[in-house]
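Next come the structures, one after another.
Next come two complexes built around subunit A: one with subunit B, the other with subunit C.
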Partner chain A sequence: MTTALSARYGLIRGNLSLRQKRVLWAWSFLAVPIAFYSIIRFWPTLEAFTLSFTDWNLLRPASFVGFDNYIRLANDPLFWQVFRNSAVYLLIGTPVSLVLSFVIAYYLDRVNFMHGFIRALYFLPFLTTAAAMAWVWRWFYQPLPIGVLNGVLTWLGLSQQPFLRSTVQALPAILAPAIWAGLGFQVIIFMAGLRAIPLSYYEAARIDGLSELAILRKITIPLLKPTIVFLVVFSSIGFLRIFDQVYNMTFNDPGGPLNTTKPIVLMIYQTAFKSMEMGYAAAQTVVLFLVLLVVSLIQLRLLKDH
Partner chain B sequence: MSPNDRSLKARHQAFPIHPGRIFTWTLLFLGGVVMVTPILFMLSTSLKDASQVYDLRLIPEAPSLDNYKVVLSDGRFLRWFLNSVIVAVCVTLSNVFFDSLVGYTLAKFQFRGRYLVFLAILSTLMIPTEMLVIPWYLMASSFGWIDSYWGIMFPGMMTAFGTFLMKQFFETVPDEFLEAARVDGLNEFTIWWRVAMPLVTPALSALAIFTFLGNWTAFFWPLIVTNSRELYTLPIGLSSFAVEQAIQWEMIMTGASLATIPTLIVFLLLQRYIVRGVMLAGLKG
Partner chain C sequence: MRLRKIIAGLAFGFSFITANAASAVEIEYWQYVFDTRVKAMDQLIQKFQAANPDIKVKHTTFPYAEYQTKVASAITAGQGPDVVQLFYGWLDGFVSGKLIQPLPKDAFAQDKIEAEFFPIIAAMKRNGEYYGLPTAVRSLALFYNKKLFQTAGLDPNKPPQTIEEFIAAAEKVAKHDSSGNMLSEGFAMDMAGQDHQWWREVLIRQNGGVPYTDNDRKVVYNSEAGLKALQFYVDLQKKLKVGQVGFMDEAQAAFKGGLAAMTIDGTFRLGAFSSIKAFEWGVTELPAMNGVRSNYASYFANAITSKVTGEKLEAAKKFLAYVSSPEAMDIWMKVVGELPARRSAALTSANLADPIYGPFLKGLEYAHTTLFVDEAAQRQTAIDMVNRVLIQNQDPKEALAEAAKAEQAIIDRAAK
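Now for the complex of A and B:
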């Protein structure tokens, strides 16, 4: 009798503790990751905000200076130049890479002959190291007799261009390899989106006598909306954070000539790790964070509403 | 969900062949050739000697591996290569382990606080890493992690992106499988490792490919956290090497080739998986 009862009791207790045991397992699985995210992600985030209100420069102890760093930033002509440069990287880079990759994906999706090979040609640059390819492009842009592009231009009977030495041409010249390297990724994502559109939609549209252009406008693009939103936000963040190409292609005068190619991240790098003005640099990183946040939110709002 | 050959065939029947298509194909092909031209020029110039660099023909007149011998002779590149391999492999293994463990826990366990943990991890996606490098640098210098493998690796050991990706995939694993394993008396860790993990291998390979590639090409953080040449990763080493070579473009191209060739080989071997992985990650992520 008692044994039966205790066995039953034990069973109930066993059942209860089985569920508790699972909760315990869950928290033990999460223990190390929670510690990691707290120490490596959340704490540094708070610290970056805190540092941005101090004048710390590694030499003397930090003291609270309120919004001084932000006021200094707002009055720094270099910051506005850098801000403009970053905007240009974004405003040229995102539309150009999106239109190019969509056109390529749209036609590549219909190609049967050597499909995998052509796809590989477009995808290959995505796997290269930006720092390595920056030097290849830098070589392309050299003046004659070394530079490949100027060689082609003179061969075509056109005049030589200064490229990286020009305050006007340098930024697009640096943007080109960034677009080039990211194109393959965007093509693949667009193709995945195109594949997800059921073929019956196209067939029905053709039976209805819609032209290819009408099909593109009325079916393909609206149904690709989620893909487009993802790629716009993703590539905008990428162009706003451009660094590797600029650093390597303008090494002798980072961000030059005359700061016309300097993006926000390069300014942060120089302020923090060349001038060692950690507080001021932290304020710049907070501004970068706000810019990324605002740009993403605006894009999501605009693209979702249509 | 991934495009297979049958659906490809069906698509091509849906888009019939006509002369315009040949024109389109040619344009696409030429565009693709333009895309790989920088890589071809890099490889070609790495096989030329200094006197031929001015000759812009793609096929070198007298190709030789002499540049590679010179660049590799002092062992610097091998060391940087080794550093990059160690860093990328360790970070990838860590991400495959922890991101999927956390993703699995958030997808398959019921407990109070689950949603909060998920939101907290997801919220880290909003913070750009550039904002964290200054605190990371201070942390690394106070713990003596500057110029160490751990210093290069620690910020990326787990990522919210990977966790989110794995959570999405573990949600598709039927609970019955896990219950059956529970009835068999397996403990929760073994169920995850032996039962659930093999069911999401496509997602694991996508995560592994992305993490490896991201760390192999990483520049910003390794540039900050390494001071001594011995600890440079390949991209940082190459950058310093190129600066030092000044105008010896054939040497710079050889270095750039050494940084690029390994990923190209891996790609040629694993193209199918890589393209599928990018699609998977892009669609779910």
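Now for the complex of A and C:
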């Protein structure tokens, strides 16, 4: 009896190698976040797929409607406008913010005078709540007599601009603070990337008499590639998911005027929580998910080392 | 063995707790968070419990943004409130989702409801049954800045009564700089505020039309009256230049900042405007046009949820009767500033003579309610219509037709 027991015990206790024990430990620690993510993230995500094939409106039990929501989406002119808007946020936002943050990081890297302070200044907007920032910018853009920007324009003898009240200017006007807010983070990542490049490469290049521009093209940028890949994917997802800035800056006419600033996420929000069309909103979410997936895959492919 | 003992102990404990609770029926009341509304309801509950010691009312509140979602998901899950507050415009959804039940006729006789409440109570009736009763209602009125009136040479105690006087006053007060930039509005224009209600239920009717027919299921404002009403509204900015959509961001901010002489807003704005220190303001009825007065009224009603039966139902009936009693309406008006929903409680000589409540109350007599299926989306069609004319210079006639089509589509989809 006792020998059998101790033998069994030994099987559990002693017969595991150190490696196996480590793996067991690692998994037992990982189990908690994995369970959390599966229940809080992945399960609702899968649920959204099922939901998108129903007409659930929160009040009535859902019934299966096949591809109706997707067909309606394809025929909804608002969806295509919103899709275009999101593409514009992405296609302007990502390159502009990347170039700006690289230029800032590149020169900031060479500045020693008050380096920490300047870096903090750039990082500060990233720490600010998007909603609070959006409201401040919203007041900047107001017409006379309270709008700061229009005050400056008229002081210079120029005519007032409608900014948020224009179907053409509103989107860039909202994009500007969104880019500004993300800049600090991108600058920090770029600077970390720049610092990681061994100084000996630069020294060797200078001894060989390469110009600064050539050094930038031949050494800095190629070696920054992993950083650039990360930032392109990260900021693309950010601009495709833009919401706070738009919602707060066009609060009374969300995504307006005339839907010219409305991104997909805002349309999803309104469909789900204003019109209570959960099934239709879920279909929009699935489309957004697929778009994000495709965009990220393409970027990873294009920017990967060959 | 031990487990069994624990279970038995727990069961005993539960039975003890429930037995204790059974001596007092507990019902749950839900409304959204709004400081004065919560305060008023707490007072009402206190008084109700004092009069009915065998009933306990639990008061739960949620932020407005998530209120409707919470209510719907809780009730469909068989939980949540016994008595619930809902916006009149949500009724269709609540009825078709079977979230609430018709008011029991033994406690709430239909002929009494119709005789005692303002006519807008009709918005609570579906298929011959009433589904809820309001404590208070809100209507619109014209707010005006007495200081700006005086500086412009207008009598601060004689606000405009007709649309002609309204235009004359607006033109006199509006100020522009040398390049034509607006410095101060005669009338604060804001379609996203209350102006869409003014256009829909007031201006269209004053021009001889109606906004909808078939219980507001058919859009008919794509008519001459609708066009005249829209033309009048956009001309305030385009032709008369007495207002500018987006000036000071929103109408209430422009008025509060002392940069708009007039604005149309509801009783719910009284609280925000009461903090104005820089100038004195007054309230008057919405101006008459072509000899016609009209107004838009809305309200939150209280209803009994569908899951309530037995002794809880009896308690809920008592509670609902109390919160829609004249006494409750009086408390509500004093604390929240909203108008009593019963004629007898509202139209007292003291109330009618009140310089602030008077004009709102007079408006209730001829007010209309719009039976929205999706208020946010329907409001959006009106906002977009005006924006197309003001920003994109679209012909008002086309803008109107487009809006009517878009709104009809929203209504049709909701009816499915």
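In this text, the second predicted complex is superposed on the first by the 268 of 306 C-alpha atoms of A that agree within 3 Å, B and C clash if a C-alpha of one lies under 4 Å from a C-alpha of the other, contacts with A are read in each partner's own complex, and residues count from 1 in each chain.
In this section, a contact is a pair of C-beta atoms (placed from the backbone, for glycine too) under 8 Å apart; a residue touches a chain by one contact, two chains touch by 3 or more.
It should be emphasised that the depicted structure is a prediction, and the values quoted were computed from it without experimental measurement.
In the superposed pair of complexes, A:F289 makes contact with subunit B only, with no contact to subunit C. Of the two partner chains placed by superposition, A:L90 touches none, neither subunit B nor subunit C. By the touch criterion stated above, A:S166 is placed in contact with subunit C alone, subunit B being left untouched.
Of the two partner chains placed by superposition, subunit B and subunit C are both touched by A:P145. Once the two complexes are laid over each other on the shared chain, residue contacts for A:T128 go to subunit B alone; subunit C is not touched. Residue by residue along subunit A, subunit B and subunit C are tallied for touches, and B comes out ahead. Look at A:V246: by the touch rule set out above, it reaches neither subunit B nor subunit C.
Judged by the touch definition given at the top, the superposed model places A:L175 against neither subunit B nor subunit C.
Of the two partner chains placed by superposition, only subunit C is touched by A:Q270; subunit B is not.
In the superposition on chain A, A:R22 makes contact with subunit B only, not with subunit C. Once the two complexes are overlaid on chain A, the subunit A residues touched by subunit B in the first and by subunit C in the second are 139, 142, 145-146, 273. Taken in their complex, subunit A has these residues touching subunit C: 57-61, 138-139, 142-146, 154, 159-160, 162, 164-167, 252-253, 256-259, 270, 273-276.
On the subunit B side of its complex with subunit A, the touching residues are 3, 7-8, 10-12, 14-15, 21, 24-25, 27-29, 31-33, 35-36, 38-39, 41-42, 45, 53-54, 56, 98, 101-102, 104-105, 109-111, 114, 117, 120-121, 124, 126-128, 130-139, 154-155, 157-158, 163, 187-189, 192, 213, 216-217, 219-220, 223-224, 234-236, 238-239, 242-243, 247, 249, 252-253, 255-256, 259-260, 263-264, 267, 271, 274-275, 278-279, 282-283. Partner subunit B is touched in their complex by these residues of subunit A: 22-23, 25-27, 29-30, 32-34, 36-37, 40-45, 47-48, 51, 104, 107-116, 118-125, 127-133, 135-137, 139-140, 142, 145-146, 148, 151, 177, 180, 183-185, 188-189, 191-193, 195-196, 199, 202-203, 230, 237, 241, 243-244, 247-248, 251, 265, 268-269, 272-273, 278, 281-282, 285-286, 288-289, 292-293. Per the touch definition, subunit C reaches subunit A in the complex via residues 65-66, 68-69, 72-73, 76, 93-94, 96-97, 99, 177, 179, 181-183, 190, 192-193, 244-250, 257, 259, 374, 376-377, 380, 383-384, 387-388, 391-392.
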